[in-house]
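Two complexes are shown next, each including subunit A; its partner changes from subunit B in the first to subunit C in the second.
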Partner chain A sequence: MTARSLGWSIFGTLMVAFLVAPLVLVVAFSFGENPHATLPFGEPTLKWYRKLFAGDEFWNALYNSAVITLSVGLLSAVLGTAAAFGFVALGKRLSEAGVRLVSLPVMLPPLVLALALASAFSATRIPLGFGTVVPSHLVFTQPFVILVIYARLAAFDHALFDSARDLGASRAQIFLTITLPLIAPSLIGATLLAMAVSLDDFVITFFTIGGGMTFSTLIWGMLRTSLDPSINALGTLVLAATLGLSIVALKLTNYRG
Partner chain B sequence: MRDARLRAIAAVMPSLLVWIGFFLAPLVYLFIVSFWRVRQYRLVTDATLDNYIAAGSEYQHAILFTVVLAGFVGLLTTVLAFALAYLIRFHAGRFGNALLLTVLTTLFGGYLVKIYAWKGLLGSDGIVNRALLETGLISQPITWLLYSPIAVVITLVSFLLPYAVLPINAALRGIADAPIEAARDLGARPVRILIDVILPQCERGVLTAFALAFFISAGDYVTPQLVGGPETFMIGNFIQSQYVNRMNAPIGSALAVVTMLATLAAVALVSFLYRRALRACST
Partner chain C sequence: MPSTNDAPLLRLTGVTKAFGSQTALQPLDLSVARGDFLALLGPSGCGKTTLLRIIGGFLSPDKGTVEIDGRDITAIGPEHRPINMVFQGYGLFPHMTVRENVGYGLKIAGHARDKREPQVNAMLEMMHIATLADRLPGELSGGQQQRVALARALVMKPSVLLLDEPLAALDLQLRKSMQSELRNLHREIGGTFICVTHDQSEAIGLANRIAVMNAGRIVQEGTPEDIYKRPANTFVAGFIGDSNILPLMRRSGVCTLASNSIASDGPDAQVAMMVRPTDIQLSEIKPTADICVPGQVADIVFMGDHVKFVVVIETGDTLAVHRPHAECDTGWIGRGVPVFASWSRNDSHVLDRT
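What follows is the complex of A and B.
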């Protein structure tokens, strides 16, 4: 092993440790007796999970997070796919500008978008709730679906469609029997990514939900009020959900960069 | 033909309407409100520049501090992300994909959970200090690791790094092996290849990574609030407090507009310098 490759190995190991360590610790602490985030972990225990499940707040948050995440996922998939098809049909110049435009919300600091949305809702007297959170999430989750499906469609072999049409297939038939099966893995993957992003969001949820509680606003409450150790248990559950979603998503989209 | 075009526009429409209704319109409203006033806790329509004058005078230091700190976070994140993506593309061999997957799975570790975890790691009783004490590198716990700008930088970099790897990784994958091998066969050193062949080709990936890390950290208020301590106030904290605690949306909006303009200018400057530096160094 040369000095250079040794250097790269050390750098790679350090970076992986830097990225993974905080997450590993949260999981480890959630199963340990020690209520403070310090070593040693203490005896293995499930008491933080028991404490978490005993409160109503957790079940409320679970319900709200599930409703929001599933609605956002479904709507991102439908709207994003339709938009990707539309953009592809609009020609290269127009579609690239369009895709870049609808992707802008991902780049904006969440606080700015959150406050803009909150003050616009209050000015138009739209009551806060699921009806405001879901479209507010949609605006920064739909770009993931649009980008993935647009890239997939742009790389399509159009001979397939031409021959189907020449053989008399209707537009609906072509979509259901050729296009949809071809984009299905990418679509499911992108949808799961959109759901993971939605579940992970705190700032925009916090300002657009009004009174309700989701997993992320519940964690925020725990962080602010007391250092409640069941925060590790909740963090682990959210982590498991988002990691599960994104690993399945990456596998399905066969992500290679 | 016209039919197909109409159909395409109809297909784009729902997404576009969401974009207009929940992105463009609120931002335009935010911009308009920044010229209004607040009187007795009520918004009054106006056309005043007072909010911008206040933003420029009272919050000058906060804006500067935010741009510098976010610029540092953006730079550090981009350099580390580039090195990681470079390692994955050129040096990791068959471990490359495993490494990429590991980085990507940390994308959605939970924003608040990560901040909370770093709070536990960096405290004077935390694991980082414990480890340093055990190994004898320090004799006293380092107290400025937590509740300081350092803690904000560490937390933000760890949160943003996976996001920054994505565009750079995509850009590095797009670079063909042939020109790199040709340069190597002709005797170019790795640094020369990096400057003359690789960096010019992944300009967009690198700048996207920087812009993303910079914008997100410039607008963040949760990280400084939770790990920054009483002295580290970023502009996001002031914007949030103007809106939420003082009910002064106009000043908050003016601050948000100024911050967006300042960050856009900074990103434009960095893009310009990147191109200039590459041209100056290339042979």
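What follows is the complex of A and C.
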């Protein structure tokens, strides 16, 4: 190994350590006896998890997060796929403009998007709750599904569909026997990614949920009242869920780089 | 309606198609008899695929009708036509095995597994792909994929099988062997095939009838021999086989080429004389021949099975002449040598210029 590549290796290792260290600490403190989440960790223990599971707050947040994440996943999948089909049918020029347009929310600062959504709901007097959180999440989760499915559909050899039709298949049969099986891995992957992003979101949830707590707003609430490592325990759970979803998602969509 | 044997199986009448302002097909008629292997031959962009897709039902003509067995099918979609197509690029279903691909049409038609398996197996045998039955298309070579595509279409027992540039994606060696295999296949099952190609040697090697297309029209239709020996115009002559095309003027039924006067019926017009390179003789002294033109050998090219002479004749035109090796060895001929190029009137054609 040359000195130069050794230098880069050390730099790379330090960067990774810098990025990962806070996460490692969050996880480590959740399993330590020390009630102030400071060093030393203290004896290994599961008591912060026990404390977390003992309160109603956790179970309410779990319920809310589950409802929101699953609804967002399901709706993103169905609406995103339908939208992708629509864009493909529009032809290349229009569809590329359209896909760019629906991807805009992903690039907006979440705070601006959250404010825009909250003021829209208040202006139209729509009461805040699941009915507002879920559509708000869709605004920034759906683009993942649309982009992935659109790219997949646009890359299809049109002779596939022509062949199926030639062999007697109706539109519905073509969708069920050719299109759906071919987009399924991408679709599941994109949906899981949408769910991971939804589960993770704090800003938009906070502005559009009204009452009620999800995992992310619960962490924020706990930060203000108590600082014991049961926050770390909750953080660790959210981290595990998000990472799990993302890893499976990236595997399925063959995401590279 | 009962079909008699001499009524055409497929008949297109006055079919036209335009894409926006671009005309892809001029009004066009075409009849295909039962058992024919028809090649649609023409340069790229002349409308071959468009015509094939109209026959298959993937495009509807702007005007005109498509009939099969006397039944008008112009308004019927491809899923309901007794016609199957092998697409350019094959369009095999990548998530299905070879067996599932071949069985797809029968499955869609509602045949139970135990009913379709024997047919699928027989077709896999016939196309020599039985050992590949459980592979996915991505694991097959180009030639194997093509066999699967053929099997998948043929298992439907179509009245007409359409093939769009079926051999274009294969390498030369494979193309030659698939060509004779397609021919045999056509003979064996006695079906009606229509094949699109831009390669004249492929058309001649495959089909018993050729329709030559140019700019959205069928310019000549006939047997390969007809078209080779009696091309209808200079486009066909230039497209099928090697040919020399010499521009001439016809005045009062006579064309003049150097000092030859050639009788030719027809109105006064710019015409052309077509003569094949193999039909021209070269000699040192002026021969007695129907048509004889003095010139000079500009180049001699060894071509493997023959020698090609490039001769610039008195009129300034260039002739390609193909002769056996033996003639080259007689010694008198060489680059720059004056020669007489001659041929018989029967071997040459006066054609309309296109």
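Just so it is clear, the second predicted complex is superposed on the first by the 256 of 257 C-alpha atoms of A that agree within 3 Å, B and C clash if a C-alpha of one lies under 4 Å from a C-alpha of the other, contacts with A are read in each partner's own complex, and residues count from 1 in each chain.
In the analysis below, contacts are C-beta pairs under 8 Å (C-beta built on N, C-alpha and C of every residue); 3 or more make two chains touch, one makes a residue touch a chain.
Given the structure is predicted, the values throughout are model-derived calculations rather than measurements.
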Clash or fit: subunit B and subunit C on subunit A?
-> fit
Which holds for A:Ser170: it touches subunit B only (first), subunit C only (second), both, or neither?
-> second
Which touches a greater number of subunit A residues, subunit B or subunit C?
-> B
Just subunit B (first), just subunit C (second), both, or neither: which does A:Phe29 touch?
-> first
With the two complexes superposed on chain A, say which partner A:Pro127 touches: subunit B (first), subunit C (second), both, or neither.
-> neither
First, second, both or neither for A:Leu160, with subunit B first and subunit C second | second
Where does A:Gly211 make contact in the superposed view: on subunit B (first), on subunit C (second), on both, or on neither?
-> neither
After superposition on the shared chain, which partner residues are touched by A:Pro40: those of subunit B (first), subunit C (second), both, or neither?
-> neither
Just how close are subunit B and subunit C at their nearest CA atoms in the overlay, in Å?
-> 10
On subunit A, the footprints of subunit B and subunit C overlap at residues none
Residue ranges of subunit A in contact with subunit C within the complex | 157-160, 162-170, 173, 177-178, 181-182
The residues of subunit B that touch subunit A in their complex are 4-5, 7-16, 18-19, 21-23, 25-27, 29-30, 33, 43, 80, 83-84, 87, 91-92, 95, 97, 99-121, 123, 125-127, 130, 158, 161-162, 166, 169-170, 172-173, 211-212, 215-216, 218-222, 226, 236, 239-240, 243, 249, 252-253, 256, 259-260
Sort out for me which residues of subunit C touch subunit A in the complex.
-> 56, 58, 77-80, 84-85, 87-95, 104-105, 108-109, 149, 152-153, 156
Note which residues of subunit A are touching subunit B in the complex, please.
-> 5, 8, 11-12, 15-16, 18-23, 25-26, 29, 36-39, 79-80, 82-83, 85-87, 89-90, 98, 101-102, 104-113, 115-120, 123, 135-136, 138-139, 142, 146, 196-197, 199-203, 216, 219-220, 223, 231, 235, 238-239, 242-243, 245-247, 250, 255-257
